[in-house]
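Two complexes follow with chain A in common, the first pairing it with chain B and the second with chain C.
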Partner chain A sequence: MATPKKLPATDVVVVGLGWAGSIIAKELADEGLNVMGFERGPWRDTAVDFNLASATDELRYNRRQELMLRTKQNTCTMRNTPAETALPMRDWGSFHPGNGTGGAGNHWAGITFRFQPTEFRLASYLQERYGKEVPAELTLQDWGTTWEEMEPHYDAFERLAGVSGKAGNLNGTVVEGGNPFEGARSREYPNPPTAQTYAPTLFAEAARNLGYKPFPVPSALASQAYTNQYGVTMGPCTFCGFCTNYGCANYSKASAIVNVLPALIRKPNFTAKTNAEVLKVTLDSTGKKATGIIYVDANGDQFEQPAEIVVVAAFIFENVRLMLLSGVGQPYDPVTNTGTTGRNYAYQTANSVRMFFDDKNFNPFIGGGAIGMGIDEFNNDNFDHAGLGFVGGGSTRVTPIGAAPIDSRPVPPGTPAWGSQWKKATVENYASSMSIGCEASSYSKRTNYLSLDPNYTDPHGRPLLRITFDFPENDLRMAEYCTNKVAEIAKSMNPRAFFPSPRKGPWANTSYQSSHIVGGFIMGADPKNSSVNKHLQVWGVPNLFVVGSSAFPQNPGYNPTGTVGALAFKAADAIRRLYLKRPGEMISV
Partner chain B sequence: MKTTLSLCAGLLALSLGTANAASGGDSYNLVQKGRYLATLGDCTACHTQPGKPLFAGGVSIDTPFGKLVGANITPDPETGIGGWSFEDFQNVMSKGHAPGDKRLYGAMPYTAYTKVSREDNQAIWAYLQTVQPVHNPVETNLLPFPFNLRSSLIAWNLLNFEEGEFKPDAKKSEQWNRGAYLVQGLGHCGTCHTPKSLTGGDKNDAFLAGADLQGWVAPNITADPHAGIGAWSVEEIVQYLKTGANRFDIASGPMAEAVEHSTQHWKDEDLMAVAVYLKDDPRTDWPKPVEPLAADSPAMVAGKAIYADRCSACHVGSGEGIAHLFPKLAKAPLVNAADTASLIRVVLAGSRAGGTEAAPTAPAMPSFAWNLSDENIADVLTYVRNSWGNSASPVSSAEVTDLRDSLNER
Partner chain C sequence: MTDKSKGFTRRQILVSSAASLAVGAAASAKAATVAGTPGWIPFDHNGPMHYDTPGWQFFTAEEAREVEAIVERLIPADDLSVSGKDAGCAVFIDRQLAGEYGTFARLYREGPFTPGTPAQADQSPLVPQERYRIGLAALGKYCQAQFQKPFSGLEGEQRDKVLTDLEKGAITLEGIDAQFFFQQVLGNTMEGFFADPIYGGNRDMVSWKMIGFPGARYDYRDYIALHNQKLDLVPLSIIGSSAWNKKG
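For the complex of A and B:
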């Protein structure tokens, strides 16, 4: 292959223009640095791409997945255990990597939780509370940071995304109506909660009757017109129901393309290179300094872009794969339990209880991906796990996304999958069925990890990323327990019938679960078992930062985007405040 | 060769500067002032093509008489204005006469620029000298016969042109006079917003009362409370010009460009002066609004249903819109305008608002040409024009058909 053409150097290269990359690029451009953002997909823009007259096309966006990465361009191979040979995913099933500016943050639902204070020192905390009772299969780790260090950055992301919600804990005082289990927040959400539709309202009533404390799910679907710190404006959500898998036509669902890029692209010291896939991060001969990146443009021509600072902020899979391909960190080996790149890969454990009523009409076509009510009594360590044989839990909530005509056909188990009986059951149940979800934790274990596949390559001849994953026993026990608790609430609502679906193994690619994938290049306090320090700075390569859910050592029972956004602000803050003054290792070990 | 020349010029300037430090400082100030004045005049609109060198000309300007092209006004001696003296420039601004007895067409708004003070023209001239010379020959006159004959402009000027610098009104405040100077002069607001006579001159008795602009409408910006911006406060006018949006409206089409290139960069005190002047209109005998159509007329009933389905998600049921994102339709000047071209156009073709430093979102209205018929569009616009305090003539489906045809031709 020809030597890549070397381009004039810039200050900062950012790989990926989703949430994390766009935020860091904006913050560093505001600092006056020359920033170049690289995105493997196209430039996306609400006005052009998510036109109101065509954005709500279920066939195009849901069935044909227009916003997702094409597996021909890049995919993963998968297997459940290290003993198996992994096979490539030729269609996305279990999760949906995004493509283009905005990334997966275009097609997300908008649920924007903060993680709880104990999460950031989870391994230590559970050890202190349960000692030997913590299942030995788990490889939980602390994050190397604290709630106090995270809070300002959660706050910045909530302001950025115009999150609508109700505080449950303001500066240590528990506030009625909010989530009493949340960490102390420095101020109220930037927007009040949205109105609630019928199903979440009924659920909240039932939960309250059982003594739980329901709260509005924090939502990046704006409840009112809102202008953020970068000057861009969101419109109030219209409950159209086209959130997950779709771009928002009303500027209501926060995303990098609504909340960051319109302001960023105006800056003369920022350049976006789209349809430009980064092939590797280049290192100098010592391996201790990143010198830039190699990328390939849409013509197949390769270029070297030198930079003083390299920020890798792609989707988790590409973050980890780029590090493996670039030789950053030692690849993780589950047999010897050595190496860091690829370690502590985890997912999310999705459970639900579906209910069918005779006497209710939920108008299920009204809704939003993050509009609903939730309870946190069965999440994480909010309940006593002594004697239960597992740790972890889930966020229980009713957030009915609009029931679109192709995909939403809730029929009771046992109904034929087609024909007149199926049609009849659809008519009977479409409007009178609802579901309670329980988005639960996914804890890391030794044999769940990411590595380069020995057999399959992408169009550039680079090995695909190989996922080795199955749900730990711990998580399956947790799923069973929490789903039963949710079923008790469902039963109290007096449906005609209800059907609990706790997550069962093995992990497969046949149906969608969630795109909440974490780990593989995790943060921590010790370079022996983590890849980046608490500033998202790569141990041993101080001018390289890797940001995203790849930094999570495990996944709690919450959606990850709020924390991805907070980590992006955290990394940008560290670079602005500390690194630029004294380039080098910000934490010495 | 060119490099050598400009290097010499640089050395010359340097030595002059050393000889007389005061003139060096003054020239800096003069050039900075001139640059700001050139922004006020929005010279780039006609003289700079997007992505091309500053002031190198080549922007095509559609007029009812045919096509004109913005000249190269860089200091290039051959193809620009490098051979001109300041007096040549002053004559262009005040008289519409270019060197060589070349009379300019009114697309170069000398009918407004004649109001600009000689002192300000000196600053603009000083600034234009600092621009990078670009060799770019531009044929400015692409008009068909007989309009291409510049001699026809002698008669035109007699009919439509009154030469003379702005004379302040001693009875008004300094701020008001500054506003009047900017609106009538460099701002050349009337070039788009004042209706034109058959020969294309301003109808000065209807100053700023709105005009057709090649498929757009430059709305009425008089203090008329129904058809104009009489309901806007001074602060709301400033906000519109600074950010491209206020609670009533969002700039789109040609005004979006004017805001992006020019008004967002105006000093706040200048925008304030403009607003004070626009609000203080001596005219009070505004045309009485027509009675709104009855809500039960067939077009209103059909329009209401279409509005609920297609429009209300953004513009909301009450026509109030969302500030800075989706324009308010209730009591909006454009909605109540006699000329419906802009309204029909945005529904058919969609439109994108301007983005500014202060409001970078730049939202868009989608095209409904593919899923609304001419009659649907006529009905929904008739409904919008006669609801929530609006009252204006109904829109006919023939008007929509005509504009659809003309858009398809482009």
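For the complex of A and C:
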């Protein structure tokens, strides 16, 4: 292959223009630095790409995955245990990585939780509370940061995304109607909660009757017109029901293309390069300084883009793969339990209870990815785990995302899949069924990790990323317990029938579970068992920052995007406030 | 693949759009009619092209007859709806197979192909075009051997029995796993029945009317607070509505 053409140097290169990369690029451009953003997919723009007249297309967006990364371009291989041979995910099943500016943050649901204060020191906290009762299979770690350090950045992301919700804990005072289990927040959400459809309303009533404290699920679907700190305006959500897996035509669902890029692209010191895939981060001969990146454009020509600061903020898989391909950090080895790049890979444990009624009409086509009500009594460590044999839990909620019918036509188990009986059951149940979800924690264990695949390569001849993952026993026990608790609520709603679906092993690519994938290049206080410090700065390579859910040491029972956004603001703040004062050094405060 | 299904150029679309505009005032509302591969242009802002080109684009006449005989039983005509055949499911599948889906043009197709574990999902070396071509031929062979007739020559209940046996894996097909073939056809049939009519199935929005799905609507702010009420909203397709056509 020809030597990549070397381009004039810039101050900052940002890899990936989804939520994290766009935020950091904007913050550093505001600092006056020359910033170049690289995106492997196309430039996307609401007015052009998510046209009202064609956005409502289930076949195109949900079935054929128009907005997702094409596996032909890049995919992962998967296996459940280190003893198996990994095979490529030829079609996305279990999760949906994104493509183009905005990334997976275009087709996300919009649920925007903060993690709880104890999460950031989870290993220490659980050890203090339960000691030897914490299952030995788990490799939980602290994040090396604190709630107090995270809170301002959560606040910044909520303002940015125009999150609609109700505070449950304002500066330490518990507020009626919000989530009483949330960490103390400095301000109310920027927008009030959205209106609710029937199913979440009914669920909230049942939960309240059982003594739980339901709250509106924090939503990046704007409840009203809203202008954020970058001067970008969102429109109110219309509850169209083409939300998760779709782009929003109304500027209502927050994303980098709605909330950040319109302001960023107008700045003269920012340039976006799209359809430009970054092949590696280049290091100098000492391996302690990143010198820039190599990328390939749509013509297949390679270029070297030198930079003073390199920020890698792609989706988790590409963050970790780029580090492995660039030789940053020692690859994790589950046998010797050494190395850091690829360790503590975790997921989300998705459970649900499906209910069928005779006398209800939920109009299930009305909704959105984050229009719903939830409770947190069975999440994380919000309940006493003593004697239960597991740790962790899940966020319980009803958020009907819409019901476009290729995929959304629930029938009771045992119903034929075709023929007249199938059709009759489909008609009877379409509008009168609802589901309670329990999006639960996924805790890391030693044999769940990311590495380079020895057999399969991408179109550029680089190894695919290999996922080795199965649900820990701990998480399967948790799933059983929490789903039973959710089933009690379901039962109290007097459905004709209800069917709990606790997550069972093995992890499979056969049906969609969640795109909440974490770990592999994790945060921590110790370079021995983490890849980046609390500022998302790579241990030993001070001018390289790797930002995203790849930094989570494990995943709590919440959706990750709020924390990804907060970490992006945190890294940007560290670079602006601390790194630029002493460039080339590890930040020590 | 035939020449006509090779795809279209932007120039062709412009020409076709202009042509359909010229007749648009007289005809009922249809989006641009384009000969060629169905689908949208990836990353283009336009909606998918609407195809009412007569004839089959991927299937041979014989294959089309067999697929229609299958979808007619998977979704039988009854008092709830017309059959899958009359809803256009076979047309939908034909157009899908003629397009990028038919060759899995967007998917990772590098070998080696090995079956793997059930958790590793679809590892078949066959793309949808091959799955249908091989599966339909094998089904024909099976039916000839068993009944001395093609599948489409069987009575309704006989056809249901064969389909049930395929579903259960009680039949062995030559060149393709019977259950795998069945699930491929069933999945595409349901897509065709419930997708927007712009793709050739779900004719007259038959499935949407049947279940009460209002289709391509985009604003429910006036309805979200109407809990537990039947709304009886008239469904809309991406194609548009003849009611929007300027008459006269």
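We take it that the second predicted complex is superposed on the first by the 583 of 589 C-alpha atoms of A that agree within 3 Å, B and C clash if a C-alpha of one lies under 4 Å from a C-alpha of the other, contacts with A are read in each partner's own complex, and residues count from 1 in each chain.
What we mean here is this: a residue touches a chain if its C-beta (ideal position, glycine included) is under 8 Å from a C-beta of that chain, and two chains touch if they have at least 3 such contacts.
Given the structure is predicted, the values throughout are model-derived calculations rather than measurements.
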item: Touch count on chain A, higher of chain B and chain C; value: C
item: Chain B versus chain C as contact partner of A:A225, first or second or both or neither; value: first
item: First, second, both or neither for A:T238, with chain B first and chain C second; value: both
item: First, second, both or neither for A:L52, with chain B first and chain C second; value: both
item: First (chain B), second (chain C), both or neither touched by A:Y251; value: first
item: First, second, both or neither for A:A551, with chain B first and chain C second; value: neither
item: Contacts of A:R70 with chain B and chain C, given as first, second, both or neither; value: second
item: Contacts of A:R79 with chain B and chain C, given as first, second, both or neither; value: second
item: Chain B versus chain C as contact partner of A:M493, first or second or both or neither; value: neither
item: Contact residues of chain A, present in both the chain B and the chain C interface; value: 48, 51-54, 236, 238, 240, 249-250
item: Parts of chain B lying in touch with chain A, wherever the complex brings them together; value: 313-314, 322-326, 350, 352, 355, 357-364, 366-368, 370-371
item: Chain A contact footprint on chain C (complex, rising order); value: 40, 42-43, 45-48, 73-76, 78, 80-81, 101, 104-110, 112, 114, 116-123, 160, 163, 167, 186, 189-191, 194-196, 198-199, 207-208, 210-221, 223-231, 238
item: Sites on chain A touched by chain C in the complex; value: 42, 44, 48-49, 51-60, 63-64, 66, 70-72, 75, 78-80, 84-85, 87-91, 93, 100, 195-198, 201, 236, 238-242, 249-250, 360-363, 365-366, 403-406, 409, 417-420, 423-424, 426-427, 430-431, 455-457, 506-510
item: In the complex, chain A residues that touch chain B; value: 46-48, 51-54, 225, 227, 230-236, 238, 240, 249-251, 258, 262-263, 266
